[in-house]
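Down below are the structures I want you to see.
Next come two complexes, and both contain subunit A; in the first it sits with subunit B, in the second with subunit C.
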Partner chain A sequence: MQCVVTGGNVKVLAKAIHSLSRIGDELYVEPQEDGLALRSVNSSRSAYACFLFAPLFFSRYSIPDGRNFRCKIAIKSVQSVFRSLATLEKTVEKCHIELNEQKDRLTFTLHCKHGLLKTHNLSYQDSESLQAVFDKDTCTNEFRAQPRVLVDTVAHFPPSLEEVTVTVSDERMWVRNHVEDETERSKAMLTELCLASDEFDHFVVKTPNSVTFCLKEFRGLLVFAESSNLPVSMYFDEPGSPVVLSVTDGVLEGNFVLATLSDDPSLPKNKSKGAHAPPSPPPDDFMNDDMDSYLIAMDTSVASGPSTAGPSASTLTDPCTSKLPEANHRTRTHSEEEEEEMEDGSDRPPNKKFRSLFFGSVFPPSPKISTQPVTTQEVLASDSEDES
Partner chain B sequence: MKFRGKIVDVACLNHFTRVVTTISKLTKTCVLRLNPDNLFFVLSGKVANGGVSMWCELSQANFFDEYQMEGVSPENNEICLELAPENLSRALKTIQNAKSVKVKLTKKHCPCLTVCAELPTLSSISRVVTHDVPVDVIPKRLWHEFKEPSVPDYDVSIYLPPLKTIKNVVDRMKNLSNFLVIEANMNGEMNLKIETDLVSVTTYFKDLGNPPWGDGASQDGGPTQSRDPDSMAEARVDVRKLQQFLVGQQVNPSKSMCSEFICTSSTSVTKVSPKAGGACPSLHPRYRPSECPPPDSAA
Partner chain C sequence: MPLSTQSQDDEEHYVLVASLDNARNLSNILKAITFKDHAVFTATPNGLKVTVEDSKCLQANAFIQTEIFQEFTLKEDLVTFQINLTVLLDCLNIFGGNAVAGTSTALRMCYKGYGYPLTLFLEEGGVVTVCKINTQEPEEPMDFEFCSTNVTNKVILQSESLKEAFSELDMTSDVLQITMSPSQPYFRLSTFGNSGNAHYDYSKDSDMMELFQCTMTQTNRYKMSLLKPSTKALALSCKVSVRTDNRGLLSQQYLVRNDDGQICFLEFYYCPDEEVEEEEEE
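Let's turn to the complex of A and B:
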């Protein structure tokens, strides 16, 4: 694999890596046919981010033929390659990323002014492909705004705040800080911000709803969006299913998938039908639910080469391919769960539950699942239906 | 009990924010007293907070374009709230460019001081942000704890050099000792002293000037008049408390003043805001409760 990045794109790449570093400790690198994918996931697997840089982003882009290479690197060491974003733009003219197979090192070479050459040889680990399966095109609520609008919005919340709740109606979006329990509510300062729909470039609400997600990762994306001045799109359905934030231009696409709190009792404005549905009698397999149905998708990619590149490419670029039916399955699963959770809510289980996005390594996949990523999702849906 | 205020002027908002931020650096919680003419931020000296007390008086007319309030009763037309100034400061800091800011007393999930700002946007509809700062309403029977301190006859009152200068000195001295001696006389001289077994450090200031106490003022006939101008009055203060006071300075006082009263071994530091009758927080680090002159008498 060999990639050459030149000029202003070096800074774009660096910013992307910095915002990925807000998510997790490891950077997953996967050169694909359709570009270089850089991904990261947080330790609890509730947040996932992926940047795909198209071949056109690079002045040269070549990937090894025949075999699929992918690896993970400690994100700290990649960050140190691109330390000091301010000077990077002025001094670095070209950046080579090369795989040194003899030494098993990924080599970053920065060609700076005055012929200065900085070479970083980073060790890596082989890894499975990391791919959250999400489909933003089926999301019923869709927004797009200039980064400044959102940066100004989150600026009202303290840096220590973990989660925000976003509520939407036909014409407005409310953003407020999420406070865990009642005792905290009486002490904590509550902040609420109301944005009118015409502050957005695009504002479509089909299901007025409210979702709660982590602010830190959202800020990570905003840092990138602001520096590259790309509008941010936001997609979500209902509490419990992920919110997808994305930036895109001709040569790159960034997607941040953040889990949302599955049930938010603190929200009186929650209009989600699922949340108010009459409780069905679920068995006491609350914990089992956690395992299976919280998992949005799993792509362990034991399967080789092309099949791994396939799903990621289609999720990222193709609007509606074979994903649609699965997504519907998924949605149904979640709304059923919603009812169960409400019921469970009466005797107060832990009310903070983010659904994890995928568990390639955390939960050992069942034999059925591990074979084919596509069947994964179908199995997943039918599994949880069996349970409820 | 009702309260509603509106700030439109950016300079007023900015000034109010700086006052609140300064207070938030001094204390985690304080009391906000509202009456038809003034707002007071009060910290009454208790053992729990190291005997530091604070009295900050703001004339509402200097800050608010609209100000309406209704106290607990017509006879006691006041409202007394306990709040975390940090919250209020944070709420105000993010809305510095607001078109208008309303401050209201509201009953939400708990009693709140709601700061509601209208922010400019590119679209036709303004963006509205509300911060609900939780407050505790203080019952009338406890109000006496938050009364304006009465004025003792100080032995010495002196204008301080720029607080930044003092801060630099105190920051260094802090590493040497936990206590610092402030001594001053009526001849415009002040010394900051550290004395330990190993080292003695003194920083000397001169030509600082002493505030004149008018004939009718409470100081008339007090110990100040009969004092030898060269004799020093001294007080020992906790360095960290003094430093905390110096660190949080955001009000840019035109004058600050230190008064000492030997008998109670106390010191009070008073700042007078550049805006006459504006913000006048004062801090009294000491070991025993004592009082400081009302800020306006020093102006």
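Let's turn to the complex of A and C:
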């Protein structure tokens, strides 16, 4: 693979990598016929992002013919190539990306002002394709807005805020911070903004609905959209199915797929079960990579296989679905626990619920747990209390 | 004893008296070499030399010429003492250091000789602070025997271009490898970190390169942890001269322009790491 990026496009590339770094720790690089794909997924597989740079984006673009090449690199090391984002535009004249398969190195060469040549030889790992399954065209709600509108909107939320809830009606969109049900009312602060449909370039609501998704990744996309001044499109259906945010211009396309919180632990599962057939098992090579759990964000029906004890209990008992990712945004109760632990050491028993969830597949659940017909939260709580 | 009588009494006993209208001209330059507490001060008729060493592999010298001082009186040919540099800097910044523009701390630095403390009179806005810092037995600074006749390679760069490289250096690398060569890559900084390696090549024809005198290809590695302190000096400076001698010893000289436009010099010597293994050459 060999590609050359010149002028302002170097900054665009750098910004894209920067916003991908908001998602995950690894950058998946895949040179394709239709352009260079850079992807990232978060550790809980609840957020995925992909940028595709068309061959025209580059001054030169050639890919290895005959076979597919893919690799992943620690995103931090790629970021370090483009460390001084602010001065990049002024200092870097040309960026050369070359793959040396003999040495297993991906080489970034920056030709800078004053004849300074920066060469970064980064080691990579082979990887399988990271491909999310999503179809934004079938989404019933569709919006497009100038980046400024959305940047100004999220600016009102504190940096520590994890999730926002977007509610839409026929002619309005409300954005508000997501407040946990269990949060003490006296401590909770609710911020809500209302955007009229005429703030948007495009506003189609077929199913008025409300979805909650992570703000951090959303912000990551907005930083990119703002710097390249591209309108942001948003697509979603219903709580529990992913929201897709995308930017596009002639030579690049960026898609961010973010999981949304299910409305109710039991309800949407049952509803969506019919709609989404259980996905075919991941291909074997996919399993070899660390991507053995299917991407939750891409297909939310993964974990909601038929279960008698309700979806939450299945999370505990079914080894295939008991991974953290499933828990993260599958049900509201789980994510609440997670956040509380992140935010502060509350007076609840630390980590235990979380951990028992995490190791659910390793330790077979006790009969006591599996017979309990109540919600996961209580099951887990009683479990952790027993231990302590 | 009242201050006035004391200073009158003692004036003639001092072996060193140095005054500055702006103490920042001293403190700024000393900050750049404060990577260890202990510093040896050597006063000669040419001015003041402050030496800090680390691990017997690194020596940093700050030169503050006589001209920088408004008064520089030396009763002996050579006055040497060792002092805690961190404490001295704290004293020099006792009025808060870089305060509002237009105000500056005036300094009068006096030393009576072996066994006596270093006395600082600091004045700002009519307020005088007197600091006495105990001096220590001076240790003999190392002699790196870096001699200009043995210099094999020398480049002078505008600091601007090195600042960028140093701010981006991969700190997961234990060493910084410097290659100087009359042919390509001319002047190269390399790091070998967790994520791979990186090279910064400076062309000899670059407009940032003020002088390029390389006679032979030399590749040496220096401990990143030892080189790190010099970034402070780099940040202060406007030009840097990088030289290596036939033993691979590295000398960096920084030209620093102070608030009043006067020039001071900072100098660093580094011993190279063990021999470079050729196989790791990129």
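Assorted remarks:
Simple rule for what comes next: the second predicted complex is superposed on the first by the 258 of 388 C-alpha atoms of A that agree within 3 Å, B and C clash if a C-alpha of one lies under 4 Å from a C-alpha of the other, contacts with A are read in each partner's own complex, and residues count from 1 in each chain.
Basically, a contact is a pair of C-beta atoms (placed from the backbone, for glycine too) under 8 Å apart; a residue touches a chain by one contact, two chains touch by 3 or more.
Just so it is clear, the model here is predicted, and its values are computed rather than measured.
Placing subunit B and subunit C on a common subunit A by superposition gives a fit, with no clash between them. Judged by the touch definition given at the top, the superposed model places A:Ser77 against subunit C, while subunit B stays out of reach.
Contacts of A:Ser123 after superposition: subunit C is touched, whereas subunit B is not reached.
When the two complexes are overlaid on their common chain A, residue A:Thr91 makes contact with subunit C while staying clear of subunit B.
In the superposed model, A:Leu190 makes contact with subunit B only, not with subunit C.
Contacts of A:Glu199 after superposition on the shared chain: subunit B is touched, whereas subunit C is not.
After overlaying the two complexes on the shared chain, residue contacts for A:Arg144 are found with neither subunit B nor subunit C. After overlaying the two complexes on the shared chain, residue contacts for A:His111 are found with neither subunit B nor subunit C. Of the two partner chains, neither subunit B nor subunit C is touched by A:Lys216.
The minimum CA-CA separation between subunit B and subunit C in the overlaid arrangement is 6 Å, rounded to the whole angstrom.
By the touch rule above, subunit B contacts subunit A in their complex via residues 87, 90-91, 94-95, 108-110, 112, 119, 121-125, 127-134. Within the complex, the subunit C residues that touch subunit A are 161, 164-165, 167-168, 170, 185, 193-203, 205-208, 282. Looking at the complex, you find that subunit A touches subunit B at residues 152, 155-156, 158, 185-196, 198-199.
Only residues 73-74, 76-77, 80, 83-84, 87, 91, 105, 114-123 of subunit A touch subunit C when the two sit together in their complex.
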